[in-house]
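Each of the next two complexes has subunit A plus one other chain: subunit B in the first, subunit C in the second.
Presenting the complex of A and B:
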């Protein structure tokens, strides 16, 4: 009697484990923040960098043209690398570049802009990093291409010349 | 191009040969007077074909042939040659090909090396091994073909993850695989031996070599991975209880237990069920590791392929193997109650049973900690992750009796024994406890537990040291391994208790002072290397007695764009000085982490000693 029950228990135990693993496979387990391309941009208000005025996102992205939101910081080395490329992109009149200064010190950020130039039509402040989180950013630098209040494309990490070409081809 | 082509067709022919081998084996099994030489020839041919295929992939990597998808995904023209080659197995497809290569190599060696064993047993082992090999062939060809063709041919590859571009990690996978795959031979062999009721001391002597080889490679593989994590991840620890570390530890625990049981089987006809179950467990745990890592079911630093299709295949294959094993175990294995020989309570056998139960406990803790999050997620959609506190709380207290049994057990004799030299054992225990109280009392952390723990580790340490002098070469291997283990536990404990950490933000020219230690940030240099830009900081660490210059590095890789922090470690006999930098805060400021890690070197040395114990046992045919 005992001899039969034992194998059955073992086999059902393994079938149970198989079932759990099988189910587990279908549950994706990578904790990726949800993909927010083609999503409507978040609404927020922020202070501007130079004159410290409160502005609302509705008034920034309201025209029917392309916007590029670039999250940067003076302490971030890759931002320094991509900055000249963004300076070049400034020449393109079809696109308006907005900066979001992430967790930075005023003095250092000003020095950064003075040294490397200002490609941004507006720079918004994100002192505690909460605005970047609302945008679903992982860190700095990160860049969002926006059209009609929608995120067309999101770039994680510094831009390079290929990505700049891609952005220009979108805008064309 | 050509290399990929040849590689791909070699694999297909290799699969065909598997079928031929099985066909000849079954034919041979019916009339088994002598081993059909065709089996040997075809096994060699199969190994050769897989080798050609593997070599083809290496060539594609060396030539940066981006028409091959695997090369495109994992290589880059600017990568140094060494990492182009190691990139071959630094990815899912290539590593599986390597796994297959070792599988075919080992069955060939097994055939050559088992001449004085039963013919039927050898043939049956080949059949079981070929079932595993076929599974891997199909897995490789169907879901992870290393030779997929890309058109149009890309100009440039995507590059190998920089944290994998490291010498220790380049040889870590092959060595670990030798251990994992070695257990496949044990698995096939135990299934064959169970079917034929051939589990006896003769078989034990023969399989012991394989157990030792797998065990040695597995230990070394884990050691290399651990050393890599220590200096590359910039965290300062050497064991993270990451799921993938756990899946390498589980087969190790099973294999270690198996080895001790095999030693008993050599002497007495005992523990047969233990041996069968442990042999099956070792290999299925290795496979389970592959499943957990490759399917993306777990989140881990090692998860490089997240493909449910692959996961489903390994899962099904794994359970096919498990059910075959269960079937064979219940149908063929008869526990021989007739000539049951009772175990006297004070004997080596008893101590090994105790060892088994402890090891099984540790194994279950690690297993539950690793797979519990999956179960919870499936059954209740809760996401949790099990961290070090869980393992520490459940494992550490049980180390105390484990260490003491480990010290006394080997002093007992087979069958029936008395404890000799009770006095000296007792005196050593007192000395150990006093020594540990003396050392631990200066530190406030968890005084009681730590002193008992250190005491029991010291006990094993003193006893093994004494035995080096009293018994000489008789049981050198065992004594060496146990001595290494006591040293390992002691080093880990001291490392935990006496570690010191300083975190601060500094810019060039600044210094940080605490107690009588001063950290000065002297200089920062930028250098353009082949595939990355390096920022190297120069720090001088000053104390009353010493001054060290340490140069941690920050690397910004171009392909893919990843920043890695290279720790600079000044290794000395009794402590490591470990420093890392990260760019934060402010353009000039760097986040500096300075760690003093005592006895780091001894953790590595002790694991090497344990491995060395295994090596001695492998070459020393006669076990007392």
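Presenting the complex of A and C:
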């Protein structure tokens, strides 16, 4: 009797293990951060890029309209690529574009804006990258669509024309 | 007198060192348990990427602001999700992970006890 039960337990145990691993095989093992969680935007204060004044986030995102926070840097090549698209988005009056200058040198950032144009209504400074962490950002470029103090959508990496269309469809 | 002064100064230097090291140890303990999300298989402590440098700075600022280890983890999981922690929390997605070793241990123990009784 004892000899019969033991193999059954072992076999059922291995079947159990097999199913766990088999189920695990179907799961994707690449991590993908969720991009629309309706998180409330963080509270922070930052210095502005041109006149070096201290501003609070409460006074920036306080109106009932769409805001686009774009994290950029002059040393970041994809930022250069997406910049013309953001310049075009500036024409859309329903959306206010705010820049967050990430770990940049003042001189280089000013040159970037002078060369490629300024689509931002405000540019905030993030010299040590801590403000980007408050936002839950991974790096540059990264873009957040904000409405009523909530992050509606997060775009990691450069924007392309399809994503711009998506943003415009949100804003409509 | 001179020796006394020297001893006093060395004592002072060492005690200051100790304080500072303690704080860095605490910061390292936290950053070692944080995954560098943009690196492959590295902790925030190990990495020198822009992301990791910023996270280290944020952790340091939070420690200085008087937050506890748990509060810092909560802050970061709120921003980046559970994935940033190396030590997964117990929830419905991870209970197999936590209880399977225990189950295997009990199973093995049962076999050993059974054999032991049989021998007797």
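We adopt the following convention: the second predicted complex is superposed on the first by the 136 of 172 C-alpha atoms of A that agree within 3 Å, B and C clash if a C-alpha of one lies under 4 Å from a C-alpha of the other, contacts with A are read in each partner's own complex, and residues count from 1 in each chain.
Assume a contact is a pair of C-beta atoms (placed from the backbone, for glycine too) under 8 Å apart; a residue touches a chain by one contact, two chains touch by 3 or more.
Please read these numbers as outputs of a predicted model, since none were measured by experiment.
In the superposed model, A:25 makes contact with subunit B only, not with subunit C. By the document's definition of touching, neither partner reaches A:165: not subunit B, not subunit C. In the superposition on chain A, A:129 makes contact with subunit C only, while subunit B stays out of contact range.
Shared interface residues of subunit A (contacting subunit B in one complex, subunit C in the other): 20, 31.
Those residues of subunit A lying in contact with subunit B across their complex are 6-7, 10-11, 14, 18, 20-31, 74-78, 80, 105, 108, 111-112, 157-158.
Residue ranges on subunit C touching subunit A, taken from their complex, read 37-38, 50-51, 53-55, 57-58, 61, 78-81, 83, 96, 100, 107. The part of subunit B that touches subunit A in the complex is made up of residues 291, 295-299, 303, 306, 308, 311-312, 315, 319, 322-323, 326, 330, 374-375, 377-379, 383, 535, 556, 561, 563, 583-587, 589. Of all residues in subunit A, those touching subunit C in their complex are 13, 20, 31, 33-34, 39, 103, 128-130, 132-136, 138-139.
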